[in-house]
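Worksheet for the structure shown next.
Chain nomenclature is as follows: A, B, C and D, assigned in order of appearance, with residue numbering initiated at 1 for each chain independently.
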Amino acid sequence: MEDLGDNTHMTKQTMRFMSDNTATACPEMLAALAAANHGLEVAYGDDPWTERLDAALGAFFGTPLRAFAVATGTAANALSLATLAPPYGAVFAHHEAHIACDECGAPAFYTGGAQLMLLEGEHAKLTAEALASALESHPVSVHTVQPAAVSVSQASELGAAYRPDELAQLCKVAHAHGLKVHMDGARFANAVTFLECHPGDVTWRAGIDVLSLGATKNGALAAEAVVFFDTSLVRDFELRRKRAGHLLSKSRFVAAQLLAYLENDLWRRNATRANGFARRIGAAAGPRLIAPVEANEVFVQLGIEGKRVLRAAGFEFYDWGAERAGMARLVAAWDQNEAHVEALCAALERLPEH
Amino acid sequence: MEDLGDNTHMTKQTMRFMSDNTATACPEMLAALAAANHGLEVAYGDDPWTERLDAALGAFFGTPLRAFAVATGTAANALSLATLAPPYGAVFAHHEAHIACDECGAPAFYTGGAQLMLLEGEHAKLTAEALASALESHPVSVHTVQPAAVSVSQASELGAAYRPDELAQLCKVAHAHGLKVHMDGARFANAVTFLECHPGDVTWRAGIDVLSLGATKNGALAAEAVVFFDTSLVRDFELRRKRAGHLLSKSRFVAAQLLAYLENDLWRRNATRANGFARRIGAAAGPRLIAPVEANEVFVQLGIEGKRVLRAAGFEFYDWGAERAGMARLVAAWDQNEAHVEALCAALERLPEH
Amino acid sequence: MEDLGDNTHMTKQTMRFMSDNTATACPEMLAALAAANHGLEVAYGDDPWTERLDAALGAFFGTPLRAFAVATGTAANALSLATLAPPYGAVFAHHEAHIACDECGAPAFYTGGAQLMLLEGEHAKLTAEALASALESHPVSVHTVQPAAVSVSQASELGAAYRPDELAQLCKVAHAHGLKVHMDGARFANAVTFLECHPGDVTWRAGIDVLSLGATKNGALAAEAVVFFDTSLVRDFELRRKRAGHLLSKSRFVAAQLLAYLENDLWRRNATRANGFARRIGAAAGPRLIAPVEANEVFVQLGIEGKRVLRAAGFEFYDWGAERAGMARLVAAWDQNEAHVEALCAALERLPEH
Amino acid sequence: MEDLGDNTHMTKQTMRFMSDNTATACPEMLAALAAANHGLEVAYGDDPWTERLDAALGAFFGTPLRAFAVATGTAANALSLATLAPPYGAVFAHHEAHIACDECGAPAFYTGGAQLMLLEGEHAKLTAEALASALESHPVSVHTVQPAAVSVSQASELGAAYRPDELAQLCKVAHAHGLKVHMDGARFANAVTFLECHPGDVTWRAGIDVLSLGATKNGALAAEAVVFFDTSLVRDFELRRKRAGHLLSKSRFVAAQLLAYLENDLWRRNATRANGFARRIGAAAGPRLIAPVEANEVFVQLGIEGKRVLRAAGFEFYDWGAERAGMARLVAAWDQNEAHVEALCAALERLPEH
């Protein structure tokens, strides 16, 4: 990371804390991609890199599984849900979930119209109780959408991590009602790194059926894996993926990224770095925090004036909720400039109390 | 290109002529991608690379336009058609078109159920006459799907290139009936290189409304552009693309590939090379050709025995149609091993007459 | 209506207050249908009865319009919304709306996946304030569904009637944000009869763009009209209706019902009768009412024990919400047995206070 | 049937042979409907009439089955296919089939985009050979739609009836390839009456999985039954029907029609009558016939001049194919005016030879 030196100069430049999507690809993953770039290889996933994905992810999670590469998280989530919910299905999720708010209706497009049933929950996490209550009050009738799936985000949309037992309880309720459970793992590595648990503890051991495992936000160029712990669903998935234009012809390049990500422990290294930045920002934010910092995102109450001051100093970030509500999201990318992080911490500490 | 030297050895190795999708990414495009890999950049297409796409493609085509990057040709085609045809629309295409045979129903998925109306035509090309006849006999009624769009492939599914006047006549018929015209340009560079025409001559000047401009088959890692000459449709497109999970977060990496492809004339260099290989193979195939060689594909009648002989010699390729029909498709990639091409030519010439 | 006489006997029989869907067809509408049953008539809506619909409804509402018959309310609602909202659209509605709870996801099916944005509001009515607030906090971005339509129910799902000015304010907010407004008028006649207003006052004069005008609950065999005050949308509607199998071949029979309903003032007579029954039941329920009685439905807090007592006495009705919540819906049909109504009133008055 | 008396006068009036959809409802079915019109009945199919449908149809077909009423043939067909084919499915049918030409794309809408694979066949009938050939040449790959169902029309779109053994062979091929078989029985009664076979012989005994049993064209007001011989699919069907708005609230009225149709042998009486008219018209048409008359439709080559002459004489009918091709379809309804039939026969015989 470059040394930005002169603080006076730094405040005039842009310091981005908008999203981990603004990050670069990490050199090791780009190198893996380049290393795959020789010779004519069979297209559409019948190449040696893609063929190693199941085993590599199986080793990562400690269980047999089937995995499929796609290029975006929205594709991973919506394709997963389409294998779990019929067109007349109901998918339960937190009302702040990415699938509900940030995918322009992709789940409805891919499922053919399944309805999201949006629940409340602290720190954007679903609870087993809220799910049980929703399922028990859902009418049993042909007149309403049929409960089919639950989707949880790990880490949550407010940067909180589900503990293994929280997930186990949720999945137990879901399965008892005949629902499958999907996990949106756009920041899965960040959550697992924070929890210091085994990846299996917050997925198949807890009862997760399908996982969207993100890598793009954590150092990939463009690479996500859909991981089926319930492998009965994969043929349907494969056809839906192709039909959606999400089966890449030169699949080796996505697979090569994912293999490097998993086999070289890049997932942990990058997430550890991003989480560490977020923890420092969170500490600087102190009482302004509106959610615990358990991944690489920091949610803060800055007030309108606080946001103005930070932006004037060159910091870029998104409002969280309506602009006038005064809340903001600060995201640390894996390749965040450390001096920018220090500058942000200092700026946060300098803000007058609110 | 490596020198394979000993022919005895070569026949034991695999020589792939399956698809231009088996190719590598060309070094210049990979370098452009790597060059874009520094600093935090705004995601989802608001980066400087993506912002230059309209101008770069506008210069290439010689007209103002709007362009959008996606990662696959199926996405480019199906999203394009979804902006052109309502769910109750009819899309006219050749019965061998990629959208009809090779996309697992993507056009119906994206349009919400538009019906393909499949026409005949020599060398997998539509004719203005066939289109006019189909449109004139299509009932005017609420009981049938409503003609909305035509889709042509340049080069065609049998490797033939539409001439500018052929396209102009087709588009004239289409527009006179209120239809929009889409071009599947998965091998657009190959066709334009063969025709030695300006890219505008076989697109907007002929009346094409939307083009799926492929680069993946011709040297990109994964990069296609949807080019709107009729820019009234772009907002709908943007929302459909996001909703389909085809808006890449780190869009700069796709845009960087496309910029290098266009601005460094890689499109022409790669296509010229692939076309040249195909022309040599076509010459060797002689009377076995079942379509003119006007791009980088060679369609031949080999007979069952001919295919067996070539495969035993290490050549990989796809049957064209049913295996027993004896036809085969031989595709030359931009990075095809020249010695393999020579070996294939020699093998074709050695085949007994059929 | 028959005289049930002996009360002792009556308590042993079934007295249904489940839904106005349990009602018979009124004799006048059945007679109109029979009167249309002679001679071969052009099918699919080109018959003289259907051709009179626009004029008859235009006279009823006092404005030029286009109207289309369908057989069910769900079809009327979902087809209407499909003309108003694109697949990536957002449709704002009350969280208890029929389209959200009782149509098995029909709006998503018909629109191709539009998302319902569910709002709160007293007595299941939307307010202009709640709508304005929701629209103002809706992100302007390609990442989220695009506000396209509002749907209100007249009478509401809790039996309350929107006043003309409430609707005018709602429509003003909607139109200012570029949204169209749909009204689910399954019990439109009941609301208008209660309000003693002109049908135009709570539709086009207030800004309603499309109305699902129900007749089935109010005396038809099976007949609903979709009424377009904004006639720009009708061609799209006609094609969607056919495509959905909701264009009846022998359309004259649906049209004949609707003509009789409107031209013979059956809508008012039947609604007046049903409303009157509900008003009497509401008066008997007294403090148990949980919503004002402004149509033909009565929502009451009976307690679990109260419901048990009534059911033991032969009354049939639906729980409202979870069984344990103690709430019930009592619906008066146009042909409700008057003695049953009296018996229900008496039973309600006899219930111990809760 | 009324006596039209003076022939001179008759030629000036309209004599419709357009469609059996122009017919009236037969008095017995209307009476059955009226007989069901008393008392409050549970809605949405939980009434005693609907509950008898399975048994009545089971007796008719001689096998246990599940049956569901809907109001239109398009709904019956498209809903059936949606239970048989996934969105990425292929449905094989004759290129002149009603589902391909006359339902505005309903099968694609209901299935979520399944693709029709249109085959040739004499008299608009599929053959086992053509189906086997299409299935054997269909690629086995994720890149193409997946064969899922076959749909046949009994009688065919050209008025021909499949023999039991023809159907058995077709179903055998379909089942051997894992496909389900749907029958569009809009004119099922006409075909069975012609064949003088048991209804089971051309359905479940031959291997049909789901039947759209039409009654509307043969004397009902609006009543079709979807009959599942393969009952594993019914829950999916019920939810799709509700979601499509095809579950009628006052279901008793549709069920009552169907019960009368089956239990009083109206299906046979009406079909016998219509078929008889068609046979007479066919005999008069002689060498002009372009398909055998095996139901109630007559397809003839009249020439442009022949059509002009008939229309000038007051006969109404549809062109078959392009107007200039000179072909016409003459349909006899169950309630066709006998004098009109005689007049048509006479007019056909008077036409100069072509």
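Some observations on this one:
Here is the rule we go by: a contact is a pair of C-beta atoms (placed from the backbone, for glycine too) under 8 Å apart; a residue touches a chain by one contact, two chains touch by 3 or more.
Since this is a predicted model, take the numbers as computed values, not measurements.
The chains in contact with chain A and with chain D alike are B, C.
The minimum number of touch steps linking chain A to chain C comes to 1.
Of all chains, the one whose Cα centroid sits at the greatest distance from that of chain B is C. In terms of their C-alpha centroids, the spacing between chain C and chain D amounts to 34 Å.
Averaging Cα coordinates per chain places chain B and chain C 52 Å apart. Centroid to centroid, with C-alpha atoms defining each point, chain B and chain D lie 42 Å apart.
Across the assembly, chain B contributes residues 44, 87-88, 103-105, 109, 112, 142-143, 146, 239, 242-243, 247 that each touch 2 or more other chains.
By the touch rule above, chain D contacts chain B in their complex via residues 87-88, 101-105, 108-109, 112-116, 136-137, 139, 142-146, 321-322.
Across the complex, chain D meets chain C through its residues 16, 18-19, 21-25, 30, 33-34, 37-44, 70-79, 103-106, 109, 216-217, 221-222, 239, 242-250, 253-254, 333, 335-337. Note for the complex: chain B touches chain C at residues 44, 86-88, 112, 142-143, 146, 236, 238-240, 242-243, 247.
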